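Chains: A, B, C and D, in written order; residue numbering restarts at 1 for each.
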Amino acid sequence: MIAGDLYYLMLLLFSAGVVSVLFTRSNAKLTNYIAHSIALVGSITAILCAIFVFVQGKVDVVLPVALPFGPIGGSIDYLSAYFLLIVGVVGAATSIYAYGYSQEYYNCRLPLMAGLYNAFLLSMVLVFTVSHVVAFIIAWEAMSVISFFLVNHEYEKKVNTRAAYIYIVMTHLGTIFIITAFLLLAIGAGSMEFSQLKGSLVSETSRNIIFVCVLIGFGTKAGMVPLHIWLPRAHPAAPSHVSALMSGVMLKTAIYGMCRFFLEFLGTGPVWWGTLILVLAIITAVIGVLFAFIEHDIKRLLAYSSVENIGIILLGIGAGMVFMSTQQPVLAGVAFSAALYHVFNHALFKSVLFMGAGAVLQAAHTKNIEQLGGLIKKMPYTAVFFLVSSLAIAALPPLNGFISEWLTFQVLLFLPQALVGITGKVFSALLIALLGLTGALAAACFVGAFGIAFLAKPRSKQATEAIEAAPPMLVAMGILAGLCIVLGLWPRAMLTILSQTLMNFPGIDSMGLVSHDWYALASPTGQSDGGISTATIILLLLSGAIVAILLHSIFGKGKVAVGEVWTCGIVPNYHMEYTATGFSKSIRMVFKSIVHSHDETVVNANDNQYHGRKLFYHVRVRYLFDTALYRPINKAIIRTAHFMKSIQTGSVQLYVGYIMVVTVVILIWSTGW
Amino acid sequence: MGELLLFALFLPIATGLTSMFQTTTAALKFVNLTGSLLISSSLVAIVYNITVAGSFSYKMLYVDDLSAVLLSILAVLIFTAVLFSLSYMEKDLVNGHITFAMLRRYYGLLNVLIFTLISVLTVGNLGLMWVAVEATTLASAFLVAFYFNHSALEAAWKYIMVCTVGICLALLGTTLLYYAQVSVVGSDFQALNWLELTKMSSELDPAIVKLAFVFILVGYGTKTGLAPMHTWLPDAHSQAPTPISALLSGVVLSCAAYAVMRNLIVVQAVINHEFLQYLLIGFGVFSIAVAIPFILVQHDLKRLLAYSSVEHMGIVILGIGIGTTWSIYGALLHMINHAIAKSALFYMAGVITQEYQTKNIARIRGLVSTMPLVGTMFIIGILAITGTPPFGIFISKFIIIGAAFSSGRMLLGSGVLLLLAGIFAGMMYYCLAMAFGPKPKYRAANATIGKPALMSMIISVGLIIVTGLYVPTWLNDMLYRATAIVMGG
Amino acid sequence: MNILTILLLFTTLLLTRVSELKTAVRIIAIQSLMLAMACTAVGLETGEIQIYVAAVLTVIIKAGYLPYVLLDIVHTLQHEREDHPILNISYSSLAACIAIVLSYGLIDQALPGAGSRDALATAVAMTLIGLLLIITRRQAVMQIMGMITMENGIYLVGLSVTKGFPLIIELGVFFDVLVAVMVLSILTSRLKLSGLSTDTSILKKLKG
Amino acid sequence: MNIVLSVIQALGVVLLAPLVAGVIKTVKARLQNRRGPKVFQVYFDLIKLLNKDSVMSTTVSWIFKITPFIYFASGIAAAALVPVVTNTSSGIGDVFTLIYLLALGRFFLVLASLDAGSAFGGMGGAREMFIAILVEPALLLSMMTVAFKAQTTNLGIMAIMVQSSPLSLAYVFAAIAFFIVLIAETGRIPVDNPDTHLELTMIHEGMTLEYSGRKLALIFWAAAVKQLIMILLFILLFLPGNVFDGAIDIVIKVLLVAMVIAIAETSTNKLRLFKVPDFLAVSCLLSLLALVAQ
């Protein structure tokens, strides 16, 4: 099997990448190029491996570890291959990007970072491919720990360490639920091999418990509200290409896990499973995008938008489960295709956005978009790629985001077939409306981000001095942005892969969407005229543009005078430009119950009231879930701990007393047996 | 073989005596290094013999695979501990914390402690085992009080008081067990030899045996550091010289657990299994739970580690209590992993406290910048001790939890997982606080760590990392045989 | 035999009432002597040599050497007496009585018909009262007393149910007791030297 | 075949859109007892603008330059999707496509408004986005009332279904709901005032403030197109049954709706910006009622 060999080669390469930094650590340049080249080759190998699996069928491999659980192996079926493909594509791009971006870190522990970067890719690959409970959990936790170190890489900033701490604790809590879910299945099956785990072997109650555990466990990793608090902290803290990987791929490991459980292990469940997921999903989407919209730190903004997109993906999964439980395989197939399609899309454009943010950060040394502006002239290519991916993430045609969003909408449209009755109808309608709200908010959010960061005049000195990013970074962004367009125009390619990915799972018929002509997107119900055609859309847009150009030039070529903006007679400067704060003000006011910003104050920095007033506008947003949920819990725990500590008073008499009491108690208790 | 055993018992005495007569630090170091090497290698030889030739009995001495597991721990820890002491204690000497006479006494007592530990693991008789266990307490008492400052004295006093009271109860239990044996066969017979006891265990009077086991469990449990008898543990660990803390939590606790197991083997034939399981599981879970608040809110680095020992002994006893093959296997493996990881952590804590001249966590900052290697290993160690993959402790923890599940105690399993998460949160919090953050101005500005100390840490950490992904076959088989012994097969 | 047990019980109860350390040590000595006599009594019954050895050892170590050492320490610490025990004199003797009742109950419950009932009950009571002393007394020396009492109690248990351990174990136990008390007394004198009183209830620096 | 039809139809919509705008203007003027401009005045305005030279700010980038074309193109593309002549246009007329095409135009227009770097532009853009965010769910909800019944989002099928079904309470609710959306989407009183340049109230005008000459013409035109599209959607999806047959019916309905808009505009006065959410909430509630009533 070529795929198997490629797999081992890939593992070998990534491990080599980890080891290589030990030898090259003296020379930063060398470290950068060698380590990241290895990562690049490894990622490409991953892509090839995935392709071969799709061509030749699933392969099984054995991992070189000796643990008291018997032989531990991996198996790369289509689902694994699909996610392997994602790792490969994004990993390759980020590796190229790293050539340029790592120069920031030449005197900031680059060897460590490069090594961890390779290890991170390795761990993610393993998570997607291993087929043994213990191996999965080891890979899973290793992934978390490695990314934790990467988040904490710039530990000179206290906030990063804090973020890393919250991240590792949250993810550890999540892992507990995952372990519980796995063990419950494993004792049912009497084996820890994935192939043996079957939901049919455990009781109904434990199936429900497993479902809840999976939801919490993987939901924590995915950043499902209200378990998302680590995400907007951790992602910005990591180096940008790592943030790209974390948002683009690592979050998807959770989706992968959910798919494994819901499609393979647990089997079809009651309707409330899917419904619960749907509810959580829509909450996640709306909350995420709201917080993204009011955010000024561009990387935090992107992180919150990841939360939103996870919500959209979960919508697909939830709907799919509902359809599975009501025996509608075709619709289930569509739903899961929508989810997985969006998984890939989000991996692409979110990576580009994070890379773009990284380029901006490198050029202007700030993540605060209020400080930026006018970058479109300084960094034209970055701007283009950022714009393309913004359009994609805003789900605008003719880009890939639109396709997956359209599919999701279709799925929700047909939801009443599963959730019959008026409530089902109203529920679905609300879901659609809220998804629409999410989409609009996302569009607004990225209009704001791009408009404030890249357009108009620079708002600070460093923004004025910004320069275009290094060629490798541009190449990396270009590749992925290009893929965004391709997948937007050529949905059939992805849908074919998806249909194969979902083929073998029970209760799913994924063939419905693959239509005969390359550009078309068939309707979920297969009826002839329910679908859309990307070709038509692009054609119409082009013809419209032509008409516009004709109109524009029909009356000869008019002169174009160039002049300053009229600002009531004052020389225009950047103080007059609209700010991100202002841009999101109205939304902050309408949704104040969720994104309530307390103490919005205007401060006069200049002590003289009348002459040379210098006004600053301060906003502090109250993060609902921190203040309302996590801080109280934290306080309570610490208080209890303080109280409990009073048992160790230091009095030896008391200590001996404990022994006496214990003895007597046990003696009395033992007489009962 | 018998000679080998005697040799192993004799060596530490010899080393101790010779080191009492040394006059230079160099000579002292040489003697102890060679001594420890010899002791460890002889122990390794014993373990090897057991793995190939099975159990072996010689006069009052008896070793089998169960002892072999503990002996292999002992072999590793004796070597690393002595190796670490070489540079650590010398630094104390240079800093003027101790005099040369004290140094000599240190090595003397250390070897006595080693002797008692070996004898605990090699005697074949519950009564003698009691004597040996009590002897470990007494031998280590002066080591706890080594610096003879106020807190050291206090710690030692509590250590002896609490432990001896506990051990007295164990003696009471042993006496009752003896009574049970005597009332079956005459007193002239192989008294308290556990092979005999195990043979006839089914004939013993359940009521007395139960009574006896309660006392024995409370007694040895005190030494094992089970809550609520653990109270001596943090004091002793935090005041003793660091190598001793490592030995205490690595070996002494494990040896006490070993004593519990030995008695368990005898009694489980007659006592209601439910009762035993509830008792042990109860103690185990309670120990884990009690450790949490002290780890969540802690100011003293060594106490932090000490409470983590309480937790881990809880896990071990829990594993034994669940009582399936799988769980006991896990418990034994957990003993090994914990011993190595915790000793490594204590060594690092020792170096850190020496460089920063404080045990106060709040004053320790920027480890990775002051001493990169130790800092990194410290983080790894903390991750390992909190049961994060891919390190050994995760494997054994996972096995025990898995056993809890497969024995139908799902709630117990996931509950324990949650408790462990609490401990993880606490440990990581302080670990990050110490490892990162700003580089201190004056403290540990130019940290100099002795080669031997570094070596011992590297060995231990290396072992932690290896055992995470690779459990050698001989160890695997040995553990399975030991498990069979504990199961009473 | 019975008389001896009664006397042992009496000495033990007496121990809960004294506050003068010297007296306490003397009482311990007497108690140990009683124990030795009990030993010999058992020896007379069974006629086993090892029990006589045990008796001799008891006399030498517990009744002779240890009290001597302890008295030594008590001399070094002037006018240290158990003035304010955690549980005052009358209450602690009340607790002692409860302990006796408890032990009788325990014996009847757990080991009916094992050895002589009174001896066993006395032994268990001594153990409990020993614990009680450790818990309710502040003075280091008094706690040592408590411990020795416990030891004696357990020894008496052994004596009354199994006619004593095999010799080798016996020796080991004696050795341990000896060393334990030695260590404790050294620590006590160290406490004294390090400028503290030997009031163990102020040893509360290490907590949490 | 379908493509050609739809392109023709799109051109038709484009050509007629200014007329509708003119009609609304005239009717409104008459209601206010003014003579008002001629019905065809809008065409003259556009031609005049197309002849003019234009001024461009120094700060703007290529975004500003291409926006008018994209805006216009998205308008035309959207127009092609509305099933006026192309009733069962397979694979083209899709609700979500239409909505997101309009969103595409808006996206760029708002970017352009930020591009010039003037306070008014930003303000206009921010408000436009604000309105759009609130309109989106209302629009979708009202559309769903029909789509759920038709079990598809293809406009053609939906239109046929609607035209062939009798008038019911559901349609009344849905129609009102969508009419509110229409007002908000096309930026008319009481949400926005299309013909004011008063800084504090303007939204759409604010965004286009920096445009002049032929680019402004394109944007105006596209806006008119968008308005006509919304009116057509209203007619086709929310007014079941047809009085006359074929094109006449649609024309008459369009004129009627235009008058209704004019009346609505004269009889109400502009809402405060933060009253708009309540206004749209009404629409959402009506849509839900319509759903329930089906």
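By our rule, contacts are C-beta pairs under 8 Å (C-beta built on N, C-alpha and C of every residue); 3 or more make two chains touch, one makes a residue touch a chain.
Quantities reported herein were computed from a predicted structural model and do not represent experimental measurements.
Participant: What's the farthest chain from chain B if centres are computed as the mean of the Cα atoms?
Facilitator: D
Participant: Can you identify which chains form the pair with the largest number of contacting C-beta pairs?
Facilitator: Top-ranked chain pair by contacting C-beta pairs: A-D.
Participant: When the C-alpha atoms of chain C and chain D are each averaged to a single point, how far apart are the two points in Å?
Facilitator: Comparing mean C-alpha positions, chain D is 99 Å from chain C.
Participant: Averaging over Cα atoms per chain, report the distance between chain A and chain C in Å.
Facilitator: Those two chain centres are 70 Å apart.
Participant: In whole angstrom, what separates the CA-based centres of chain A and chain D?
Facilitator: The mean C-alpha positions of chain A and chain D differ by 35 Å.
Participant: Roughly how far is chain B from chain D, going centre to centre by Cα mean, in whole Å?
Facilitator: Their C-alpha centroids are separated by 78 Å.
Participant: Where in chain A do residues touch two or more of the other chains?
Facilitator: 645, 648, 652, 656, 659, 667
Participant: Could you check chain C for residues that touch two or more other chains and list them?
Facilitator: Answer for chain C, listing residues that touch two or more other chains: 110, 131, 134, 143, 200, 203, 205-206, 208.
Participant: Which residues does chain D have that touch at least 2 chains other than itself?
Facilitator: Residues of chain D touching two or more partner chains: there are none.
Participant: Sort out which chains touch which and give me every pair.
Facilitator: Pairwise, the chains that meet the contact rule are A-B, A-C, A-D, B-C.
Participant: What does chain B use to touch chain C in their complex?
Facilitator: On the chain B side, the touching residues are 60, 125, 127-128, 130-131, 134-135, 138, 141-142, 145, 148-151, 153-158, 160-161, 164-165, 168, 171-172, 175-176, 178-179, 182-183, 187, 191-192, 207-208, 211, 234-235, 238-239, 294, 297-299, 303.
Participant: Quick check on the complex: what are the chain A residues that touch chain C?
Facilitator: 645, 648-654, 656-657, 659-660, 667, 671
Participant: Which residues of chain C touch chain A in the complex?
Facilitator: Touch residues, chain C against chain A: 86, 106, 109-110, 128, 131, 134-138, 143, 200-201, 203-208.
Participant: What residues on chain A touch chain B, complex-wise?
Facilitator: 65-68, 134, 137-138, 140-142, 145, 152, 155, 158, 161, 164-165, 168-169, 172-173, 176, 179-180, 183-184, 186-187, 206, 637-638, 640-645, 647-648, 652, 655-656, 658-659, 662-663, 666-667, 670, 673
Participant: Can you check the complex and tell me which residues of chain A touch chain D?
Facilitator: It comes out as residues 373-374, 376-377, 387, 391, 394-397, 402, 405-406, 409-410, 413-414, 416, 422, 425-426, 428-429, 432-437, 439-441, 443-444, 447-448, 450-452, 455-457, 520, 523, 525, 527-533, 536-537, 539-545, 547-549, 551-552, 554-555, 558-567, 572, 574, 576-578, 582-587, 589-590.
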